[in-house]
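Next come the structures, one after another.
Okay, so chain A shows up in both of these, paired with chain B first and chain C after.
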Partner chain A sequence: MDMNNEQLDEFLEMSTVLTAFSAYKLKGTGQLEAYFNTVVEIVGKATMDELLNAYRKVKKAANNDETVLNKQLRFQILSNDKLGPITRNIIKMWFIGSWYQLPNAWRENYGEAEKDSTFVISTNAYIEGLLWPTIDSHPPGAKAPGYGTWASKPQISEL
Partner chain B sequence: MHLHPIETVEDLYNYLYVAIQLEHATIPPYLTALYSIHPGTNLDAYNLIRVVAVEEMLHLTLAANMLNAVGGNPDLTGEGFVPIYPAYLPDGETDFKVGLEKFSMSAIDTFLNIERPAVVDSRNIKRSGLLKISRKNISILPSFKSSAGEELHFHSIGEFYNAIAEGLKKLTKELGEETVFCGDHSRQITAEYYYSGGGEIITVNDLDSALAAIRLISEQGEGYEGGIFDYEGELSHYYRFQQIKLGKYYHKDDKPGHPSGEDLSIDWDAVYPIQSNARMEEYPKDSELYDGAYEFNKFYKKFLKELTVALNGKPEMLLPAVGAMFRIKEMSYQLMRNPFPGKEGITGAPTFQVDSI
Partner chain C sequence: MRHLKRVVTHQTALEKEYDVVVVGSGISGSIIANELSQKGYKILILEAGPGKDLTLSGYEKYLNNFYTATSKDNNAPYKRNPNASMPRSVDVKKKKPGKPNADSYLVQNGPFISDFTYSRVVGGTTMHFESKLPRMLPEDFNVLSTYGHGLDWPINYEDLMPYYRKAEFEMGVSGNVSSQTFSKQKAYADDYVFPMKEMPPSYLDKCVAKDLDGAEIKLAGKTYSLKIRTFPQGRNGIPNENYKKFNNGELFKPVGAVSEHQAEEGERCQGNNNCTPICPVQAKYDGRKTLAKALGTGNVDILPQTVASRVVIDSATGKVDQIVYKSYQELDSDEHTTSTVKAKLFVLAANAVENARLMLASGLNSTSDQMGRNLMDHPYILTWALLPKIAGTTRGTICTSGISDLRNGDFRSKQAAFAVDIHNDGWGWATGGAETNLLNIVDNQNKFGKDLRNELVHQISKQLLLANMVEMMPDPKNRITVDHKYVDRLRNPRPIVTMEIPEYTMEGIAFARQLSKFVFQRLGAEDYSKYDPMDYGYVKYKDEDYAIRGGNHLAGTHIMGTNADDSVVDRNQKSWDHKNLYLVGAGSMPTIGTSNTTLTLAALCFMSVEAMLKDLEA
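== the complex of A and B ==
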């Protein structure tokens, strides 16, 4: 897929706000391109443009004020009928490595995409879900923890 | 540091310290190549390298058991314990570079050098595998000063272990086995504390068990009497790596250099394009990559400290310490998936600079 680097960077930046993980950690999962491509494949390039435009506006309005940014993101994007469900899906992808089928209401209003079904993005996406570091655990069946580490308390870092 | 011929128990401590250092020094290069492989690809090569890395950890533990058996204190935290890569190791009359690089043919060539069976050319070599030559580079294996003050060099890692075996025999003969093997047995890492890591752990409490540990270390690496297998019937490290180079698995009756088994499936491109021998100070100071490398080094330093605690009378601490290895893998992947600012098409890598922390 033809990937626009500028858009990819914007998608990454928006993802850092949505997940509270740093750009370094997000790139560290190796899944950035895959998630970007998944969104474009399912909702189309035009809707991705729309989402990133909306993010750009929110960012401009926030003018580096993090509180305003978080608030505006909720108002303008997460509460938006069209962009909200997609954005929530992006959060779920980062944390779980799966795309969830968009809600019925969304599909009725904005069209059903052929590929819009619930699926695991890839074998590695599941392993790299942010869920696991968030709870200081490991993806069962995919990544072994050190022998006996199950007896140690989880170390959950402050965000 | 110079080594002397082993005359005293103190000399033995120095040799075994170097043995632990040497076994450890191979682990960062193996891990770097291993983690540079895109997850889920190159499964044949990944598993071959992983098993060797795990066996090096067994060797490190065996060397520590030997040092504890003779009353020494293993220490993985001293300055200079982790070499600055690229470092050098001897291979006969020349030495070769051991660096931190991605999975590639050149990395496999280095690994073959590390594990190469010692072929001693008796014409140029002194008794006990020492060479009188000048080496340009500072080797991980220290040079050797004879009792006459002559500076000599070990021909290979195998010769270095031979010197330890000879020293142990000599001291046992002179001082008696009980005097030499005076270490507290509760400091040994026994099978109870060592979980499925590259073979059977040997607890060392006398000359025989010490020699068995040396034999396991040498033969897992180089093979047994010129064959491709060790005495336990497992393919030695050298021939495991050679399979990657030649792209074929060995069969049971194959001759060295001529594997006749199945093809290995290798994709040299399914690899993160990491910076070779990356140094923390080369990453822009305000970059997340720098922070990532710093965190890695801090974590690795802590890991070596925890290992040291475990090897000094708290064997029950070994498993929790080794559990941390999984974080090392995570952190390596993060570094390797982040671009090196200002270097087109190159990504970061762990730097293993614990002395800089």
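== the complex of A and C ==
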């Protein structure tokens, strides 16, 4: 797929805000391109452009103020009936490696894509879900921590 | 070992003479095939499912199917196979009044709708079982004479003890005998230990034990003190030095992954938290480990994708003459050939439901008319709560410890006994797991970034799910039947399930629910358990709501007894009616107490082997 590097960087940056994981950590999953491509394949390039443009505006308005950034993200993107469901799906992909079929209202308003069903992006996407390190654990069936590790207290601190 | 060479063609099988035909390559069939083949007998195994998982790469395909399945139910690793279907929890629906649920493989006649499953693949249901391996208690073999419920076995606990040891060796049990002492009677020799040391209790277990150990509860006028103890498990751990005396002076050698070639995998559990549905490293026992040994003798052949269809009796002798089978080439085509096999001895080891289904489909409901009757399972009532502090949920084997103190007691004259599992994998069984929490936090709680991550920790790492496994007694009305109205794609009749949860069990379920309330109160945990009337397993009992889950511990469909009028098989699992036929597995068990059935059925198979050898020698 034709991938614009600048867009990929913006997608990554937006993802750091959505997940509170660093760009380093997100890239480390090896899933950045796969998630970007999944969104483009399902909602189309124009809608991806629209989402990233909206994020650019949010960032500009925030001017490095985290509180404003979070508020603008809700105003411009998460509460937007077109961009909100896509963005929530991006969060879900990062955390669990699956795409979830968009809500019916979205599909009625903005069109049904053939690929828009609930599916696991790939074996690696499942294994790299960020939900698991968040709770100092591992995806069921993969990245096992080793015999007896479960007996000790998990290393989890509030962010 | 060259297992694949033992996967034979039908032509080869037809040209050879076999001493024994075994139907099913699960743990029962594999133990019997292995033991008999070690003595030089020629065995043919018919397996309904595909047989491609005897290689490491075949197994890894199962694992990949699991990773990419949107529903990670017990049979998620296996492709749908209409030629030898298996029940899947995702197919279960609430029953509509007046007619059975018939749109998936199991035809459910109700009134209770169960989501029990089993697997029809090489290795059978041990492929997805959790591998918790407690013995039954001495009292469980005489429940009728001791407590006035259920049935007495034709054998005692003592009769089975040496075979329990064999089964514990075969399956590689990790455990601590001292955590298994809640019978009034002596259940283990003083110096006995399991082959491997107990799995370390999880941090979650310890969080529960800290505030629960020593708590006392009253039941039927007696006081019971509670203690969190580990369960014995068929999972590789650290070999126990003291087991040497039970193993010719040798340390127990854990059995790793089944493979055509040397594979450095599966020697010890790594804590994948995925025993069910599939252990990715094969540290968990499954029937293929025994099957591989059997195939390695060179005396065992296996015909996969071959569904036993009918047992044919010689009317003159009453003996089994042959088994008719249907063999298919592809999972997605109904094209098949029909043929027959003969042998001196026939062993049905296809599990409690499928054994009964096959016999009934052959018109063989037995002199006692007990074939298919007395169907039992362990109904589970799940209770779930959020602990006040982070407990590290989702780590460890699926379950390391629980409450076993109410597995026996005088209260059994009034209500069912039960065992309680602490689920290291959290609320998954009840609510769908961490994914459900994630979706709710993102879609409904509108969180992202740090707030989302903190909420995930709060909602998942403090989860406590208690799975209360309740005793169910045999009742001839609970049964498997067949009806030629309901057939699968190869025109084999499908099993029809008629089941009702007996009042005795409901009393146990109600008490287990109360016990959870007591536990949660002591731990300062928020109780989130709720039971929706729209749930397929919903039962209202004494004005309280319950949603009951199947335990997949199916048993009792061809119970053993003392004579042909009260039972289907004798104490050796040999058919009363047909002298060269054995029906083996949990179907032979007249009661199941509060023990997961696999260890006991494995012990029974070891015992039956001795009778089979005598038959073969004669």
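In this text, the second predicted complex is superposed on the first by the 157 of 159 C-alpha atoms of A that agree within 3 Å, B and C clash if a C-alpha of one lies under 4 Å from a C-alpha of the other, contacts with A are read in each partner's own complex, and residues count from 1 in each chain.
As a working rule, a contact is a pair of C-beta atoms (placed from the backbone, for glycine too) under 8 Å apart; a residue touches a chain by one contact, two chains touch by 3 or more.
Remember, predicted model here, so these are calculated numbers, not experimental data.
Shared-chain residue A:Ile127: touches chain B and chain C both.
Shared-chain residue A:Asn109: touches no atom of chain B or chain C. By the touch criterion defined above, A:Asn53 lies against neither chain B nor chain C after alignment on the C-alpha atoms of chain A. Look at A:Thr118: by the touch rule set out above, it reaches chain C but stays clear of chain B.
Of the two partner chains placed by the overlay, only chain C lies in contact with A:Arg88; chain B stays clear of it. Once the two complexes are overlaid on the shared chain, A:Gly30 sits against chain B while remaining clear of chain C.
When the two structures are aligned on the shared chain, A:Thr19 is found in touch with chain C, with no touch to chain B.
Within chain A, the residues touching chain B in one complex and chain C in the other are 123, 127, 138, 144-149, 152. Looking at the complex, you find that chain B touches chain A at residues 38-40, 195-196, 288-289, 291-292, 319-320, 322-326, 330, 333-335, 337-339.
Residues of chain A touching chain C in their complex: 17-20, 70, 73-74, 78, 88, 91-92, 95-96, 98, 100, 118-120, 122-123, 126-127, 131-132, 134-138, 140-142, 144-154, 156, 158-159. Contacts from chain C toward chain A in the complex involve residues 63-64, 66-70, 72, 200-203, 206, 237-238, 268-274, 278, 280-281, 390, 392-397, 400, 424-425, 433-435, 438-439, 442-443, 446, 448-450, 452-454, 456-457, 460-461.
Of all residues in chain A, those touching chain B in their complex are 22-25, 27-30, 123-124, 127, 133, 138, 143-149, 152.
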